[in-house]
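Each in structure tokens, the structures are laid out below.
Below, chain A partners chain B and then partners chain C, in two separate complexes.
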Partner chain A sequence: MGSDNTDLKDFKLRPMKCECNYLSKSDGSAILSQGQTVALVSVNGPLDIKMTNQSIEKATLEVLFSSKGGKPAIGDRYKEHVIRQTCETAILGSLYPRTGITVTIQEMEDYGGFLACCINCTCLALLNAGLSMRHTFAAVACAIDELGDIQLDPAPAQLAAARATMTFVFDSRNKTLVCGFTEGSFSEDAHSEALERCRSASQLVFDFYKDIVSKYSYVIG
Partner chain B sequence: MKVSVGDVVLPGDFSEEIAAVGEKGKVILGPGLRKEVDGIYITKAGTLKKRAPNTFWVDNYQKRYIPARGENVIGIVVQKAGDIFRVDVGGSCTASLSYLSFEGATKKNRPKVVNGDVVYAKMLVASKDMEPEIVCVDSHGKKGRLGVLEDGFVFKCSLNLIRKILNPECPLLNSLKNEWPFELAAGMNGRIWIKANTMRETIALGNAILGSEYLSNDEIKSMCTNIASILAGHIS
Partner chain C sequence: MAEIYKLIHPVKYFNDYLSRKIRPDGRAFHEQRNIKLNVNSIKAADASAVVKCGNTTVVCGIKLELATPKAEEPDVGFLVTNVELPPLCSSKYRPGPPTDSAQVTSTLVADIIANSKCIDLKDLSIVHDKLAWVLYCDMVCIDNDGSLVDACIMTLMASLKTLTLPKVTYDPETEEISVDTSVRTKLNVNGLPVATSFALYKHEQSNIVLADPSSYEEEMCGGIGANLITCYNNGILCGSQKFGGCNLSIECEEEALKIAKERAQAVEEVVDVCIKNYELEINK
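And now, the complex of A and B:
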């Protein structure tokens, strides 16, 4: 269940490599590398959870983020929140009422664009777990440097020189914006240009998902 | 994205083919498909399949069991609560099994079932809003192949593997049954119970089943002969 992807189009993302079902015990798992950035995600669910956390109309989603050091920081909690809300829009929670779905993300290597890598890896893990979803989602990161140039999927050197970094998440149906995460200062025009470029680049990520799924679909059939 | 039967599909894709058939007559939507106001959408990643005349579903990879009516499952009794047993079937909550739903059971003649027993049962009620209910008898009150599984060995696998080995076209069980005698019960919840004469044979059987997950039919056949020859070589 492994694959890699390099493209020759205008929109260049760092090469992506993925292995689904990386963990044997969890219901769904995936490890994804985008360039040197690596994230590992495990999905468990639908599970039985405490009565107090149960929702009678939809599944309760829990996202746990573990950084490399293991100590949770405030920034990590914020990332958890972003990822949880992204997943909630995608998962058809109403099909699994009174249950819980746990998504655990482990940081392996962070060489820029880590949030995007986490989100893409989460999507692959959810696909692997076989949970019903409205749509898939793809995240693309970009950096804006001092001159106002937009760099897709930035490497650490480009991030250091960047004035602002942005991560956008799109759904697979109409490529509408699901979630945006920005840091730094930038103009409104730069934001909208970055948004459009990321939107176009997200197609590469969706193609990659299809590639991965088709690779293992033929084997299990 | 628009997809048709036989394609690899991802959640969010839609099928106009199914919608067109649906306008003419009844269509059965299986797992992984969902009707929305503006069409039929895919909800799982896998291959879109069709069975004539008009049943559609998505064949996807999955390990977690979602209870479905009429499926045979292997459960473990975890609790006795008055009239019912609570049975863990691997779903999000335990299933209930009434003590009267065994062959020949009456109020006075209770079946001998204790915590930790493995039962092979049929899903009678399965809905997302209710606790699933399982029974160990068919509609005639006969047990058939259902009931408590004595001895043997239970292991877990993916739901795809169960469907694969139960498929009549899969040569695995046909090849193995000619090599050495064994008993096997496969639950649609991803659990397999096996029983053979010796520990060695049980292990060989378990490995053969788990090893066949990503193999083609020809590869399965050669693996079975291979395992059988290793087994025979050591015993004799």
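And now, the complex of A and C:
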């Protein structure tokens, strides 16, 4: 245990703050800040949806992303795609056939690592909504600078100097990769090293989830 | 019989094949489909290419236009990529505005091209703050049978490699532009990014990596499109995206990267040979 702690000391993420049940009318909601990056997520479901969208095998997942300006862009569809695919693997959709689950993400502030913040906030909102899940998931962003140094959870200044940025999402059980996306070019070694670092750092996020959830639930916390 | 079995027990049908170490279309797990490439097939476009990977067919056409560069970046031209998925290519799409998957594919393709830095946008500048080239690269999918991003990148790169820019003279006093189409210079392309798609499937506690998946395999593996897309340019990774499918273990990733690297070389050869043949033909 002692050695584990010293290992984790090297993996510093920006401070995380979270409030669950931030919205009164949603089934589950959370607002999460990682450093100055802030995202707000609301989850509704399982709810009734149109017959055409229903699936008899599993719940239909709908993810809506709205940026700060409110104008839809092609990049937003990509973010929705990433979050939908992540949630799809995590939620036990087969328990809620013929229903829909809506996840709405509102961008509040983007100071680096925004998509990672959105994904973590989505996980907290899903936990808050009480949906059955296979596992929880945690996203960690990192940046690789010109010298090849890896910086976890980068701030905007570090992002500007980076030659590549990567975001990885891990599951809570085996810490295998659920989702991952990269920007910029890099070597295979840099990629695998960044992956390992983020994998270790994801434990911090999972611990944080536990802290938050145990505040309102003794059973799952 | 097999068709009925496939309808009644879709998952078991798929699993039965995989347990025999073969895929429903007769390929081995790591086997890729044949690639057919043809350049300059559309005469109305400034550069074009058609690629066929198995059944997946994508056409790319590049149109040149002149524009004023952005004030904040006066020395930079524009490369605009767009992927279209008309209802023609698959029963999954309906007529109307671009679907989510078309937008996601467009973003993926644009990201790969930007991240690989294969085109220096400064090469597209003609006169500082006054004139720059705009490359409209439109990709239309004719038949979508999986691994769409691979095909898109391949046709886009083949088109870019054959693209020539006409000579433009600009008179700063009269602001008159004259284009001389008889004098053309080749566009500088740095390397050749090659994307490789994979589908990831969990079969009896072991993870299986399926290279170059068909749309049926992508569907069975639970992804909208491929689960893992890796991209190499000059032996350097320039993008690795993973969505959905079974969770990726370290061994699977190494396996996938190895296949992607081999494929990058194979595709590079295909493109080079195709362009060489084309150049021989026009110089005849």
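Everything that follows uses one rule, which is that the second predicted complex is superposed on the first by the 209 of 221 C-alpha atoms of A that agree within 3 Å, B and C clash if a C-alpha of one lies under 4 Å from a C-alpha of the other, contacts with A are read in each partner's own complex, and residues count from 1 in each chain.
The rule we apply is simple: a residue touches a chain if its C-beta (ideal position, glycine included) is under 8 Å from a C-beta of that chain, and two chains touch if they have at least 3 such contacts.
Predicted, not measured: the structure shown is a model, and the values here were computed from it.
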Touched partner set for A:85, first chain B, second chain C, both or neither: second
Which of chain B and chain C A:171 touches, first, second, both or neither: both
Which of chain B and chain C A:161 touches, first, second, both or neither: neither
If touched residues of chain A are counted for chain B and for chain C, the larger one: B
Contacts of A:185 with chain B and chain C, given as first, second, both or neither: second
Chain B versus chain C as contact partner of A:74, first or second or both or neither: second
Partner chain in contact with A:95 - chain B first, chain C second, else both or neither: first
Overlapping contact positions on chain A, where the chain C interface meets the chain B interface: 171
Of chain A, residues touching chain C in the complex: 74-75, 77-78, 80-82, 84-86, 88-89, 171, 174, 176-188, 191-192
Complex contact set, residues of chain B against chain A: 1, 8, 10-13, 32, 34, 41, 43-47, 59-64, 66, 91-93, 128-129, 160, 164, 213-214
Contact footprint of chain B on chain A as seen in their complex: 20-21, 27-28, 44-48, 90, 92, 95-99, 127-136, 171-173, 206, 209-210, 213-214, 216-217, 219-221
Sites on chain C touched by chain A in the complex: 100, 103-104, 106-108, 111, 115-117, 222-224, 233, 236-245, 247-250, 253, 257
